[in-house]
Structure formats: structure tokens, C-alpha cells
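Note sheet for the following structure.
Just so it is clear, A, B, C, D and E label the chains in written order, and each chain counts residues from 1 on its own.
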Amino acid sequence: MRERYGTTILDTAIRLLVPFYLLYAVYVLVHGHYSPGGGFQAGVTLAASILLVNMVQGDEVTWGVNKQTAVILASIGTFIYAGIGILALFWGGNFLDYGVLPLGEIEPKVRALGTLGIETGVTLGVMGTFIVIFNLLTGREE
Amino acid sequence: MLTAVAGYINFWLIAILLLVGVYGIIATENLLKKLMALNVISVAIILFYLNLGQKAGSTVPILLPGAEVGVVNAYANPLPHTLMLTAIVVGVATTGVGLAMLYKIYHRYGSLEEPDVLKEMRQ
Amino acid sequence: MTAHLPALIVISPLAIALLLPVLVRLSAELVRVVAITSALISFTSSIGALKYALAKGNWHYFFGGWPAPWGIEYVIDPLAGGMAVLVSFFSLLVIIYAGPYLVNKPAREKGYFYTLYLLLTAGLLGIVVTGDVFNLYVFLEISSLAAYALIASGGHRATVAAFRYLLIGTAAASFYLLGIGYLYAITGSLNMADLSELLPPLMDSRAVVIAVALIVIGLGIKMALFPLHGWLPDAYSYAPAPVIGFIAAVMAKVSAYALYRVLYFVLKATGPVSLALDVMGWMAAAGILFGSIMAILQRDFWRMLAYSSVAQMCYIALGISLANTMGLFGALLHILNHAVTKGCLFLVAGSVNWQTGVREIHRFVKMSRRMPLTMGAFIIAALSMIGLPPTAGFFSKWYLVLGAIQSGAWAFVIVLALSSLLTAVYFFRIIEHAYFKEPLKGKDGQRHATEPAKEGWELYPTMLVPILILGIGILALGILSEQVITHLLQFALPWRAF
Amino acid sequence: MKKVALILLLLLAGLFIYTSFDLPPTNDLNSPPAAHVSPRYIEMAHEETGAVNMVTAVLADYRGYDTLGETTVIFTAGISCLLILEARRKQKRNKRGGR
Amino acid sequence: MIVDFFLTNRPLWAVLISLVAAGLILLSDRRPNLRETITMLAAVGKFVIVLTMLPDVLAGQVVESAPLKLAPGISLHLRADALGLLFALLSSGLWVVTSVYSIGYMRSMKYGHETGYYASFAVCLSAAVGIALAANLLTFFVFYEILTIATYPLVVHARTPEAVSGGRKYLVYTLTAGQLLLIAVVWAQVVAPGAEFRPGGFLAGRITPPALDIMFILFILGLGVKAAIMPLHDWLPTAMVAPTPVSALLHAVAVVKAGAFGFLRITGYVFGPELLKETNLGSLLAWIAALTIIVASLRALAEDNLKRRLAYSTVGQLSYVVLGAALITPMSLVGGMFHIVAHAFMKITLFFCAGAIYVTTHKENVSEMDGIGRQMPLTMGAFTLGSLGIVGMPFVVGFVSKWNLGLGALQAGHPIFVAVLVASALLSTGYFFPIVYKAYFGQTRETYSRHEAKPSLLYPLVLTALVSLVLGIMPNFGLSFYQLAKMAAKSIIASGMVLAGGGQ
């Protein structure tokens, strides 16, 4: 068991900061179409906020995202990406051709939605992986 | 003369950075430092690509609100940026795997100096 | 779905690999079945794609529906299709072989193993079928990362080997990336077909010189071309058997293929490429001798095979460097033949080690009694490595010698002949031990091999059958080498062969 | 060894500088990378993919397959770390059990 | 339809039958009777298949099997012409005899691992017939190398350290030679695509002297090891550690004969008389052969071990064939070709005798053989007959070939080689006479009773001895070997004439 870093200052700072981190991550993900950002950045930010809480408040505070769950998240996230690509095959498009997905919009918008879908997958995948790697490297048992 | 050089000086600096990285891999005996040198190489290459994407007087490749679509020279080339996002991620992933291996090596051999590790390993 | 075969080749192992860490929670056996299924899908897709390419010409598949220089395309020509069939065939074979090998591992580890194995497969296949130089880099990295980890899973020595491989391999990939960066800088394109059209007027640019040098060094490291082979012996001799069976069989070959693809199809083997090819030829000739001599000096069977791989990869490089029809036939045929042969040898080595714990050559005494079928396959493979008819290895050597004589490179002819003899020295040493040496009683270490096997006589069928398939395949490839050339390889040349 | 490497690398640096003059100069508006392929991204990205951010358009759509590969690389790294370090944990536990 | 398919592809079946047999033998591991039955069936079957081709070939036809493509422009092509059939008939015929002998010999020796032995033997025979019937250089080379490898397990069969080191030596020599031959074969393929054997040669006009000389030397080195030409012969006496039937195979039936046969193919069917005469390469080879004849005979005098003495005798006798090939006149070719047959019957008799003596009395040195003729009169009778043949005594088969060779040397305008032949005859008298003398008149303290080898050893050697006597009197008896040799020689010389005529 590692020593807790928890001091009043750190705890308070985390309480104040982490919600903004999370919000910012979601913003980066959703707003990737309009400004710098996207799945990777969002995923890393999410992972960072979870790891921050984890580091400061102790091993048991992981918000349910321990190493094993993180693997599953990573695998599901990345699969969402590939899965959306495969979905396009069923509507007659090529792999990753989001334009053909039946979302009832004109093509550029459908493509934008598809992009959002895969970015979400990337976010989950990157988040999961970073949590896994970080936990492994810091030697934390689940 | 100066203007002639100005267009290329970035490449020279990048080449030097790259060779610093290569030298680091060859010359240091600490495995962790070698891994860091590897990252220097990857940074040099990223800079090389980004340099290719630059255009005089251009801005970030995000469509300006209300701007006319299709003024090619108003925006930087987005392709190198995309490629380098990928390259950065690849670099990070490789570093992660490398660190994991180093972790294991350090636990087993108690050292990250290459000669020590090899000596121990060949026994 | 048949319209998407080129994508399925890669997508099937890739997407399913992503699911395996979830599936392993349900059952480890399920993971194995699913993994084998995905390898099978990949294999059948590549056969379908190859058939299409042979019947109707190159098959361009555009990802996301974007046309070529803007999006990423897969191009299945007979060369890519043939390589894809080879890689996916090996993937399927070795994944079946791996079953018993993993039997005592915990379920989770099995799951990770199969995941990485499929990712390795997907990465190699992606390199083979892609028509985009940057996409090639991405898949090169997927396959390399998976390979580093799989090698490292063989224990602490393997981890050191894998880390050194990681350092040099990543540097190699970086060189390759910088090389295509130079090409991108002077053409503005990343698509292979597009590049090959844009480059000819630019061939005397100094940037091409650097690009060629970087690409040859980068991919040369990946294919373990002498003197850039440093990572190979350790990595090959400490990795777990099924991993090395797959990696040794196809991974270096895929890099050789990539080199061939870039030098001949993108750069058209003109300008600075011919100089690079000359250098490569001499390096390869030196490497053949070096690898063979080092192999003779080894006492560990695995390490011997590893050095033999160094030599044999140089055969391929030699053929590529000859730049005439026969030389290229030799190189391409040797890619195929050496994959089958070395795959067979490493599977045999792994099986022997798994069954009896024997790695050193002097402990092979009487192995023929314990594992007659396995050693039978070994003999065929050894003869093929030496290059004796009618095994596959002879015919690739035949074309290499033919090509060398045609271009008047007598030094290479002598090197090829000499290397056969050196190869014979180290393989017959094992045959002697396994068949004709009587065990010296009472000496430690040699008693071990003569003890009756605890788990019975031969191997599990799932391990034995892949070995036998490869053994028979070596003979079949030898006798049918003309078929392979007229029906496949002659379309895989950068020019018309006949 | 180090000195040899240093001299070799200095030579290489010379080579890089020598060849750099055949590369398009920085900020060149007519360089091949600016003139080939990429204009379409700048001109058509919004129309074709609905993304204002051209990098996102190229990343997630035009060259979306690369990005899938990239995500897979990350995923591979994660699983690799697991395979490398989990096995270590298990070994350690075994050793402890052995004592 | 099926019959036609069978008939047209007879050369292929002749090669395949023993390969299939080898597979079956390996499968019938640990069932001695089954595997020996298979061996006998395959031997007889092979001989019959080869025999059916004889009438066609004697009628001037060529039996060709459908080519199986091995590489673009070159195929696995089997064709029974006169010279090829001569060798094929000989080797498949002698396999039957050797098989009977092997069964007897191996059962007496009790090595305990005969499955590999019989399988390798069968593969060897496939390779020998493949060499005989090969229609182009690639096919020839493929079977030549198969023969090399298949012989190796036979040489090391005893699995003693000497056997293993003998096998090593054998491999070093033959594999090196194989690589040199490979270069020569590929080179010929580059110069003349297809490299199809043609009576009178196919290289004329396609390659000029400096390169031609090197190529010829490569061929000499490549084939010379198996044919045991003098500096390259050293593996052969060492390989005598093998069981006697193997020695018989090595010397009489397949291995060294394949080398000698190769020389006939190379001079007669690749280079051709004209080219060899122009460049004097023929004389070079002839001098090498002559030297080998003399030196090997001298070496044989010094050997005490019977099998090693026979081995050196083989080294000398094989060079007769090479000499015939090198002189390349009508008579010398007939002599050389017929000497393949003659030497086969004589030497196999001698080896069978040596084996029979060893199995029965466990004696293998000449110095121990005092009085053995009184113990084993039939065996020693056969031995005497064989050695008389080697010496060149009229009415034994060796005389026919030597007479022709002598005439050939005169035809070629090199009477010096006649002197070589005579000297060699004297020398071989020198190394055989003591054995025969000792066997019959040697003083020994042992009491000897009449005690022959067992029938499966005795009958084969009596048979081969009788055949060498009969062929000495009627060279065309039975299988028309002499006729075949004459046909082959005529085709080589005749086409040479045509070529020369066309050139003028």
C-alpha cells in the first residue's frame, strides 16, 4: 500500500479542479469539429483527471475505473471505432465510410456524426489504455 | 544570402536534433536514456513534418467564421498535422511499452546500465 | 461482403483482437476459438482477394470512400495478395499450434497473448496490402509493438532482448518515417501509385538520395539485413516458441517485401536506388557468410536458427539487389520458401523444447526415436535450408544463382555456393546427433533426451499437424515452384517477366 | 566507439545540410506539399465532411483508417504492458509461494 | 487410354516406383518381413518397367515421359535413350540381386535399425534411374543431389564413430561437388536455355574458350567427386565402413557410376566431340583419368583391408569410363559405356564375395585370408572370376570394354593411353593375384572345413559372376548392353559429323 498524498490543500484543490477537468475533456471531445481537440486529447484529459484523484486520494478511489475495468474500456472504446467502420459495410459503403449510415441527415452531417462516434470511441480507448499503463508502471495492484 | 539560408535553417536544426537523438542511442549506456534519445528522434521527425506544412502568412487549418471557403493559402497544410498526431501517439505508445519493459528489467537485474544487464543476462 | 475482401483481410483480426480482452472474461476457450476463426476469415479473404487480383487485375479499395491520393487505399496486386495469403496462412497455422503451448497459462494471459497475436497479424497484413506509405508506417508500428511485447513475454532474458529490439526497431521505423517525409516534401503525396508517377522527373534531386538511404536503413534494420541485424539473434532465441514460429517465418519477410515494394514500385529502381541496391548486394553477400559462420559457432539450436535467419534474409536481399528477372524470382520465391522452411524449423525447435526441454544441439541425441515425425519434418526443412533438390530451398537458390550469373556477379555465385556448404555443416551436425549418434551413457545432460517421454511419444496433434503441413509444403513448393512462378510471381515483378 | 559515431554523425549532418537545399524552403506557398493533395482538404473539407476543423476532417474522415491504426497502436501498447508486467506479478507470487 | 498413359510415362514410373516403395517401407517400421517384401516387389517391378522400354529403344525410338515443369523453360523431363537405358537397366537389374543379398546380409549382421536402410536404398535407386533417364541438366542435377543425400544414411548406417566421421567426409566431398556442379548447370542453362541433352552436344557456338574452359573444369570437379577422380577420391575408401551391400551399391550400381555416367553425358551430350577436340579439353580430362588409373592401382597394392583394396580398384576402374568419355572416339565411347556394365558386374561380385567372407568368417583383411578358398570354394571361385575380369582377361567381361578402349585410344591418336591400360592391367594383377593365391594355397594353422555363406548371400554372387563370364563371351547376351552402347556412341559421333558438315 502506498502512502496517501492527501493533505487538506491537495484534497481541496482536487475537489475544485477535477470537475473542470472532466467538463473540459467532454468539451474537447465534442468541440473537436470546430477547434483544436478530439478524441486523443479528451481521452488523455479524462485519464489524467481520474489518475489525479487516484493519486491524491488513495488507491481505493478510482471511481470504479481500476486496471481491469480500464482494459475493458480500452477494448470497447477501440472496438467502437472499428465497429462503426464495419457498420458502414452493411449499408453498402466502404470500411469507415460514415456517409452511408442511416441517420436521416444530409451527408456532411452524417459524416460529422460518424466522426463524433469514432472520436468517442477513441476517447474511451485512450482513457482506458492510459489508466492501464499508468497503473502498471506505478506498480498499483487492483 | 540570409534569405536563402532562412528557408533551410529549420531543416538544419532538425537534422542536428535528429543526430543528437541517434548519438544518444549509440553513446549512452543507460537504457532509460536510450529510450529518451528515441523520443528526441521522434520529436525531430515531428518537427520536420510540421515544418513542411507551414506556409507564409497562413493560420491554423480551422475554417474562420464567415471566411470564404477555398482560399488555399490562408490556412496551413492540415495533412502534416494529422500525420504527426498519429506519430506522437505512436511515440507515446512505444515509450509506454519501453518503460514497462524497463520496469521489469530493473526488477530482475537491479540496474539499467546496458553492460551490466547484458553481462547478467548472458550467464 | 465479397466487395470488401481487401479490408476484411486486416479488419477481421484487428477488430476481433479488440474484443478479446472482453471475451476472456467469459471463457479462455472461447477466446481461442474466436481468434482462430478470425485468422481463418483473414486467410479466406486474402485468398479471395488474390484470386480476384489474378483474374481481373489490381483491386483498389478506398477507405471511407475517398479516392486515392486524398484517402487511404488498399491495393491488392498479385504480389500483395500472395504475401497476404502467406502471412494469414502462417497466422492461422501458428495460432492453432499455440493452443497446447499456452495450456498452463492463466486465462487472462492467454487473452492478452491472443490479442497481441492477432494485432501482430493485422499489422503485418496491413503493411502488405496498403497502398499508402504512411499507413504502412502505422501498421509497421502496430506489428512491431505487438512483436516486442510477445517476445518480452518469454521471460526476463527475452525482455532485455525485446527492449533492445524496441530501441533499434523504433529508430528504424523513425528512419523510414523520415525517409517518406523527404519524399512527401518533394512530391506532396503519400500514395504509392501517386508517388510513382510524381517521382521520375525528380529522381536526380538530392532529397531522393537521402530518402532512399533512410528507407533502406529503416527497413533494412526491420528485415535484419547485415550489418543491421544486431537485434535478431537475442530476440529470436529467447522468445516463446509459437511467437517466434510466426515472427521468424513472416515478420522479417514482410519488411523485405515493403523494401521491395518501395524500391521497385514506388522508386522504380532508378537513380540513387541502383547505388543502394549495389551496396545492399555486397552487404547481403557479407551477411550470408557472416550469418552462416556464426550459426556454425552456436551450441544452442534456437540461436543457430536465428543466425541462419540472418543469412537467409540476406539471400532475399541479394536477390532484390540483382535487379533482374531471375534474381527477383529468386528473392520472391525465397520469401515464400524461407517462410515455410524457417517456420517449420522454429516450430520443431519449439516443440522439441516443449516436449523434452532440449535446446542445445548436443542433447538432440536419439531425438529421432522420440519424435520421428517431427524430426522427419526437420530433415526436410534442413535440406531445404541447404538448398538441395527437390525441396523448395533449392529452387530459390537456383534462381538466385541464375540471376547472379546473368548479371555476371560471379562473387555472389561463389558466396551462394559456399553458404550452402556452411549451412550443410550446421544442419548435418544436428541430423548426426538426432539420428546417428549413440548416446554416451552416464554423461550428464545426454541422459535426459533418452529418457522415455512422460507425455508419450509424439506431440499433441494440434502441434504436430502444423509442423507436418509445413514439412509437406516444403516438398510441394519445391516440385510446384514452376506453378508458383508462372501463376503468381511473374505478375509480382515490376516489369513483364516473359 | 563513441568518437567514431560522433564523426560519422557529423558527416551525416553535413549530408543532411547538403541535401536540404533540394527540399522546399519553409513557408513556401508553392511547395509540393502545399500544392498537391492538401488543397482539397482545405477547400472541400467543410463541404464534404461537415467539419470546420480541417485537421479533424483529415484525421477522422479522409485518413480515418490511419487514426484507427493509431488508436490500435495505443491499445496494443496497453495490452503489451499488461502482458509484460502481469507475467512478472505472477512470477513473483510463485516465488513467494515457493519459499 | 490408361494403358497408353502407363506406356508413355514409363520412365516416370520407373523412377517413382521405388520412391513410393521407400515411403511404404518407412510406414512398415518394425515389420521386417513386410518391408523386405516391399523391397523385393519394388525391385522386380522397377526392373520389369525398365525392361519393357528396351525393345522400343533398340528399335531406335526414344521413350519420353510427359515433362513436369520445374521452372519456366526447363522441366523435370525423363527420356530413355540408348545410353540412359543402359545405365537404368544395369542399376535396376542389379538392385534385384542386391536386395536379395541385402536381406541375407542385414539379417546376419543384426544392426537393428534396417528400416531407414531399406528406404534409403530404394531412394538411391530412384535417383540412379532418374540420373540415367534425365533428359536435361536440371533433371540430372536434381537426381544427382537426391542420390547424394540418400546415400548418406547408408554410409553412416553402422552408427559407430568411424561411420559418422566417414559420413561426414562423404558429405563434405559430395556436397561441395554438388555446389560446383550447380554453378556449372545453372551456367549452362544461362548459355543454352533448356539445357536439353543432345547427342553431339548443345554448347557448340554458344560459349567461347576462356569461359568454356572454366565451365568444363567446374563440371569435372562437380562430377569428379562421385566418379572418384584422383585428387577427389578420398571419401570412397573412407566410406567402406558402410555395410557391404552399401559398398556394392556405391561402387557397382549407383553412386560412383552416376559420376562416371555423368562424364559420358557431359562430354557426349553437352559439350560434344567437336568442341572438346577444338579446345583440347578432352585430352586434359583423359590425362587426369590416366593418372588416376595408375595412381589408384598403386595405392590398391598397399591396402590390406579387402574392402579398401577393392575401393581403390574401383577408383582406378572408374577412370576407364572417364577415359572413354574423354577420348570421345566411337570405340572409346563404346568401351567407356560398356565398362559401366562390365565393371558393375565384376565389382559387385567382388564386394559380395568380401561381404560373404566377412559374414561367414569375420575376416576382412587380405593377410587373414590364407586358405579361405578351400573353405568357401564357390565364393572364391566367383572372386577369382571377378578379379580376372578386372585384370582384363579375355572371355571375361572386362576384356570387351578394355579392348574397345584401347582401340579408341588408337583412334584418337593417343597410343600412350594403350600403355596406360596395359600398365593398369599389370598392376591390378599385382593386387588381386596375392589374394587369390593366398586363398587357395596359403598356409594356415586353422582347420578348415567346407563352409559356404548362406544361400541368400551365395546365390547373388554366383549369379553375377556367371553373368560377367557370359557377357565376356557374348557381350549382347540378354539385355543387349553392347548394342545399346554402340547405338549411343554412334548417335554422338554421327550428329557430330552432321554438325561439322553443316559448319563447312
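Keep in mind that, in the parts below, a residue touches a chain if its C-beta (ideal position, glycine included) is under 8 Å from a C-beta of that chain, and two chains touch if they have at least 3 such contacts.
Remember, predicted model here, so these are calculated numbers, not experimental data.
Trainee: Looking at the contacts, which chains touch chain D and chain E alike?
Mentor: Chains touching both chain D and chain E: C.
Trainee: By that same contact rule, can you tell me which chains touch chain A and chain D alike?
Mentor: Intersection of chain A and chain D contact lists gives B, C.
Trainee: Work out the mean Cα position per chain and let me know which chain is farthest from chain A.
Mentor: Here the answer is chain E, farthest from chain A.
Trainee: More C-beta pairs touching across which pair, B-C or A-B?
Mentor: Contact tally favours B-C.
Trainee: Give the label of the chain whose average Cα location is farthest from that of chain B.
Mentor: E
Trainee: By C-alpha centroids, what is the most central chain here?
Mentor: Most central by this criterion: C.
Trainee: Just curious, how far off is chain E from chain A if you go by their C-alpha centres, in Å?
Mentor: Centres of chain A and chain E (C-alpha means) sit 79 Å apart.
Trainee: For chain B versus chain E, what separation do you get between their C-alpha means, in angstrom?
Mentor: Those two chain centres are 69 Å apart.
Trainee: For chain B versus chain D, what separation do you get between their C-alpha means, in angstrom?
Mentor: Chain centres of chain B and chain D, defined by C-alpha means, are spaced 8 Å apart.
Trainee: For chain C and chain D, what's the span in angstrom between their mean Cα positions?
Mentor: Those two chain centres are 24 Å apart.
Trainee: By residue number and range, which residues of chain C touch two or more other chains?
Mentor: 14, 18, 21, 63-64, 134, 138, 141, 145, 148-149, 152, 159, 184-185, 190
Trainee: Residues touching two or more other chains, restricted to chain E: which are they?
Mentor: none
Trainee: Among the residues of chain A, which are close enough to touch at least two other chains?
Mentor: Residues 34-36, 71, 74-75, 78, 82, 85, 95-96, 98, 133, 136-137 of chain A each touch two or more of the other chains.
Trainee: What chain pairs are in touch here?
Mentor: A-B, A-C, A-D, B-C, B-D, C-D, C-E
Trainee: Within the complex, which stretch of chain B touches chain A?
Mentor: Per the touch definition, chain B meets chain A at residues 60, 62, 85, 89, 96, 99-100, 103.
Trainee: Which stretch or stretches of chain A touch chain D in the complex?
Mentor: Residue list for chain A touching chain D: 32-39, 71, 74-75, 77-78, 81-82, 85, 95-96, 98, 108-109, 111-112, 114-115, 118-119, 121-122, 125-126, 128-130, 132-133, 136-137, 141.
Trainee: Note which residues of chain C are touching chain B in the complex, please.
Mentor: Contact set of chain C toward chain B: 134, 138, 141, 145, 148-149, 152, 156-157, 159-160, 162-163, 166-167, 170-171, 174, 177-178, 181, 184-185, 190.
Trainee: If we count contacts the way the header does, which residues on chain C are in touch with chain E in the complex?
Mentor: Its residues touching chain E are 383, 386, 388-390, 394-395, 397-399, 401-402, 405-406, 413, 417-418, 420-421, 424, 428, 432, 435-438, 479, 481-483, 485-486, 490, 498.
Trainee: Can you tell me which positions in chain A touch chain B when the two form their complex?
Mentor: Against chain B, the touching part of chain A is residues 34-36, 40, 133, 136-137, 139.
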